[in-house]
Amino acid sequence: MAENEAIAAAFADGPAFIPYLAVGDPDYEASKAYVEALARGGADIIELGLPFSEPIAEGSTIQNAIVRALEGGMTPDRFFEFVEELDVDVPLVCMTYYNLIYQYGRSRGGEPGPEAFVERAAEVGISGFVVPDLPAEEADPLRAACDEHGLDLVFIVAPTTEGDRLEEMMERVSGYVYVQARLGTTGAKTDVSDQTTRSLQRLAEWDVPKAVGFGISSGDQAARIVANGADGIIVGSALVDIVAAGVNSERPVDETAEKLAAKARELAAGTREGAARRNADIADADSA
Amino acid sequence: MAENEAIAAAFADGPAFIPYLAVGDPDYEASKAYVEALARGGADIIELGLPFSEPIAEGSTIQNAIVRALEGGMTPDRFFEFVEELDVDVPLVCMTYYNLIYQYGRSRGGEPGPEAFVERAAEVGISGFVVPDLPAEEADPLRAACDEHGLDLVFIVAPTTEGDRLEEMMERVSGYVYVQARLGTTGAKTDVSDQTTRSLQRLAEWDVPKAVGFGISSGDQAARIVANGADGIIVGSALVDIVAAGVNSERPVDETAEKLAAKARELAAGTREGAARRNADIADADSA
Amino acid sequence: MSTDGKFGDYGGQYVPEALMPAIEELDDAYQRYVLDNEDGFMDEFRQRLADFGGRPTPLQRADRLSERYDLDVYLKREDLLHGGAHKLNNALGQVLLAKYMGKDRIIAETGAGQHGTATAMAAAHLDMPCTIYMGERDINRQRPNVFRMKLNGSDVKPVTAGRGTLKEAISETMRDWAATVESTHYVIGSVVGPHPFPAMVRDFQAVISEEAREQAHEKLGGLPDSVIACAGGGSNTMGAFANFVDDDSVDLYAVEAGGSSLAVDEEAGVAPNSASLSTGDEGVLHGARTKLLQDSVGQIMESHSISSGLDYAGVGPELAYLVDEDRVTPVAVDDDAALEGFHRLSQTEGIIPALETAHAFGYLEEHHAELSGSVIVNVSGRGDKDLQSAIEETEAREIPNAPDMSMFSEGI
Amino acid sequence: MSTDGKFGDYGGQYVPEALMPAIEELDDAYQRYVLDNEDGFMDEFRQRLADFGGRPTPLQRADRLSERYDLDVYLKREDLLHGGAHKLNNALGQVLLAKYMGKDRIIAETGAGQHGTATAMAAAHLDMPCTIYMGERDINRQRPNVFRMKLNGSDVKPVTAGRGTLKEAISETMRDWAATVESTHYVIGSVVGPHPFPAMVRDFQAVISEEAREQAHEKLGGLPDSVIACAGGGSNTMGAFANFVDDDSVDLYAVEAGGSSLAVDEEAGVAPNSASLSTGDEGVLHGARTKLLQDSVGQIMESHSISSGLDYAGVGPELAYLVDEDRVTPVAVDDDAALEGFHRLSQTEGIIPALETAHAFGYLEEHHAELSGSVIVNVSGRGDKDLQSAIEETEAREIPNAPDMSMFSEGI
């Protein structure tokens, strides 16, 4: 199984801060400014959502972002263009639903199947995928295409994922696992579930990085989660909320970008802070 | 079986013109003027409708008259008062539905049954009854009360009445039979059905007077029907139409009364004319 | 019933002479086809009720109501009959009979439209031209039912006379019939009118209790202790009672619409209820002697109920007789109790009853403590037709178990 | 079906990881209770379908249509099922299954409200708290159904996200389920979604063809030549086909909504039809691989039909498979033909069908000459819910057999 080097590098020197935004929300240009703001704010990896019309795994925050992006004219080809034009220096992970990946070949006159999509993604500089509606059992064709192009395939591990299913997933995962902090769909929440801790324990035996997402909205939370052992934190809705607020209050794009950068800085700092605490704990434990 | 003398007298010197009006239409005083106008116009007998809330045997013309009369406050007791006060010199027949006849005793604190109603009717000078929803089979109590007070009970013979039913009816009838000119309910029509002729033939063997009604609206028709052998003609809707027109155009009561009198004169004249023609025919036949 | 069309002193044939041949002809057809199954009429009727109507309807144990009332409550599910009410049993029977009689046209009157829709369905099914008279005001209040009749190919004739409601429609239908008796059959919608209608409609509806009695033997191992049915004209009532009348151990309850009050307003000629069995006096209406809501001189009173199908001043003569004989217990529940029954059955058993039917459940809710053992309630119809009224009437009152319906305050 | 939840390449479980345990648990329950009748589950299900639902529903010969088309037309009368459509077969099965699984809460999404009302009824009947998600726009278009759900005690939650229609309601229900899988069962309304739903819903609906097959033996003396059913998600379709699939002599027709045209508007992302079997491509939607209406890059297209119950961009994976295998013939009729079918059945047989069902009759009207012998048409539901749309849509067109509806131009 290939491992994408850029992603591996992002986790190499400590826990990673991984923000998410829906690409094209609310339009192409603004969206570019927002993603670049995240990079500026300290993102180690960025998850770029390619909007699908039926986002069954999303909370309403991201669902609304997707509706805005689609209304703004986002398509797979525009998405690739977007990535190509993007001026950032961090690895990019494409988060989308399987039907868009599967149909892309056909849209270019070929057969349906993931190869064409992955090839094009690799071309524009994508480093990996998260596909929330693709279970490990159905993932072999996409896994194979990723391997061919040196891309990672990230799976989401739910609090309820265990036993055989977990095995199957861990056999196919690369880059990092997306540890779902709690049941439910995406959406900013203030509590940090101790389901997270249990999940991290269950995953301890595998040495792939574990990035925790779902409901993280503050630097504080990020710090606590990383202190608890996470190798990364993924933040989506809390950032999309800023974009949505900007849209609703018709704020200028650069102001919203600045707010996003600030939030990213807070979260990145929280991530480092958590890492420091954890190292201190380990040091404590060592010295005890 | 009693025979009411006044009614017998009305048929004694030739065919009778028998108009109908709903009492109290559109109000007590106007109604009195209208009935008196009919008498003035040459009525030989007058049928006075006591309005019942569910007049199932009436056409819409008379149904609407009944609604007006009820809204004008007509009740059985007001009806009797009306008859008592009426200044006309022709026999009066009360036309109403059986429930009003049946309940009157109870309304005066006694038992239900026709006696009280008939007694009171006799008192105020009614000479007979027509009860369109009372079949001969159910008529014995009313017949008995009529006999006691010397009142007639008129039955309606439909074009379809024959055999045993006709026998039963003819056994109980007195005064005259109401020969229904055609199927259907009351209402002014211009054609004179030849069902009438057949009905008259069927009834020939009984010597009770045969008055034809349902749909007669002109002196001409009256003449033809009487010429065909009828002993009387009954006219309701054509007269009620005049009352209704008066109500609708808010015509003064005396004008409407005058129109009614004029119509009555036309119909009475038609009746005499028919009688003359029949006598001539008979004379012709005799001389042939 | 004696053969002269009387139930004690009730019943008879108080109709205009012009209609007598028609009802005599009908009586003859009733005797031959219905009572004697001539030409296999009843077999065809039963087969069509099964295939077209969906009979037998279930006798369902209502587990949750049984628990609530500490009774064995069984529901006879006439709401599942095609059209959504017991009305089709009768309409199909009469339209088929008209065919056997060689008639080529059907007329009927309808108030709320339930009988009209049932007749229109039966007429379409049997390819009989059909005219339905309906008061103009009722047409405006019951548009979905009017539309259903038209969809089924019936000619709906608005009656503008008088107040434009059921009574004027009845007169208009009589008028049509009086003029067309030879070709036309008048389908009366309940166990009312002149003989043979009360007996014939009862016999068509008796399939309800015929099935229920058999189903009770299967499910309860014997007879129920009581049978409860709402009563307007009384056709679902007589249908539900007929095969239990001779079982003296079975108590029969006819639940009338108590409206807003059992007292009457003589002055206005209005009875704010439709409880003719409970409060009416003997009299003659629409062709039969029966118990009526009338004022002291015998004018028929305007009745009232939130359920238009119970809103009638008369009642079937046989029911009047059975009440006088103490065989049937007449009871009444008011509009509020009926709405409570409506919500109770909807919430507790997942069955939304017609507002007519809801009276039976209102009675159960209020009086279950007086009952014991097993009870069959006749679910005479479903409530889809009543959603709008149920919202409005519920909003106008304090019904303890009503759901929050604020979102519907502007109508559905 | 193979045991991995696939029908050929179709089907599968394309769901967020958080739901996998729930659908694995459900799959286990499906195997045990439904397939192996553990604890007598299927016996209780069948008994409740009979008593509460009114099964069996008749297989009725449609005499007048048979004559018109020179065929033996038989109607499988699912319109007589409690609630007025086949939907209850599935809803009752799933709510009961949830009870057996020890769940204490039910959720469902609904578009037109048919599945929601069926679920609300079943939940009331079985005393299960129930939440129904429904797009805000759909709520406003389907108020009577919303009211029925509330009357049955369900909590109807308006979904305001996006356009406020079915797709947003589905997402919202998924969201609820993802957060509450342990206590809650999600009742999917058709043979769609991840395994085991397509197989399980088919098995609950298969009672339709189980009965029909037996009834055909009684009434036709053998198998029918064809079975016709409308197809949205395809649950009434698979229910009507399931027990005939192995009978090669029986032709199976799935009638889809052809809408206004079978062509698509890529630009607008709109397919003015819902004919995914006839015109769709393979893809992944709502948890399963199946045939879909999608644009060239794989975004799901907005579908269209006058019947909201057919208005869905996907279709059950098993149907997609049976079409690829040439076992099921996919056909489509347009809105006009569906309305003609609607009026035809109403006028000719006295049965007002749902607009969904009307597509099957539109097909019969247009293509009867291509059929021969005996045909069973599945009358998946009754049209009471559709009266308003039927008026509006009929008025907007030239439908040859439409009745005069001018009196309804201001609505019913």
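Structure notes:
Per-chain numbering from 1; labels A, B, C and D assigned in written order.
FYI, a residue touches a chain if its C-beta (ideal position, glycine included) is under 8 Å from a C-beta of that chain, and two chains touch if they have at least 3 such contacts.
Not measured: the values here are computed from a predicted model.
Ranked by separation of Cα centres from chain A, the top chain is B. Distance from the chain A centre to the chain C centre is 66 Å, each centre being the mean of its Cα atoms. With each centre defined as the average position of its C-alpha atoms, the distance from chain A to chain D rounds to 37 Å. We define each chain's centre as the mean of its Cα atoms; on that basis chain C and chain D are separated by 34 Å. Contact of a single residue of chain C with at least two other chains is seen at no position.
If you draw each protein chain as a dot and join the dots that touch, you get a simple line with two loose ends. Every pair of chains in contact is given here: A-D, B-C, C-D. Remark: chain C residues 50-52, 54, 57-61, 64, 77, 79-82, 84, 120-125, 127, 139, 143-144, 146-148, 150-153, 343, 346-352, 383-384, 387, 390-391, 403-405, 407-408, 411-412 touch chain D in the complex. Residues of chain A that touch chain D in their complex: 52-60, 63-64, 67, 70, 75-77, 97-100, 102-104, 106-107, 112, 132-135, 137-138, 155-161, 165, 169, 180, 183-185.
Residues 12-18, 20-21, 24, 161-162, 167-168, 170-172, 174-175, 178-181, 269, 281-287, 292, 294, 296-300 of chain C touch chain B in their complex.
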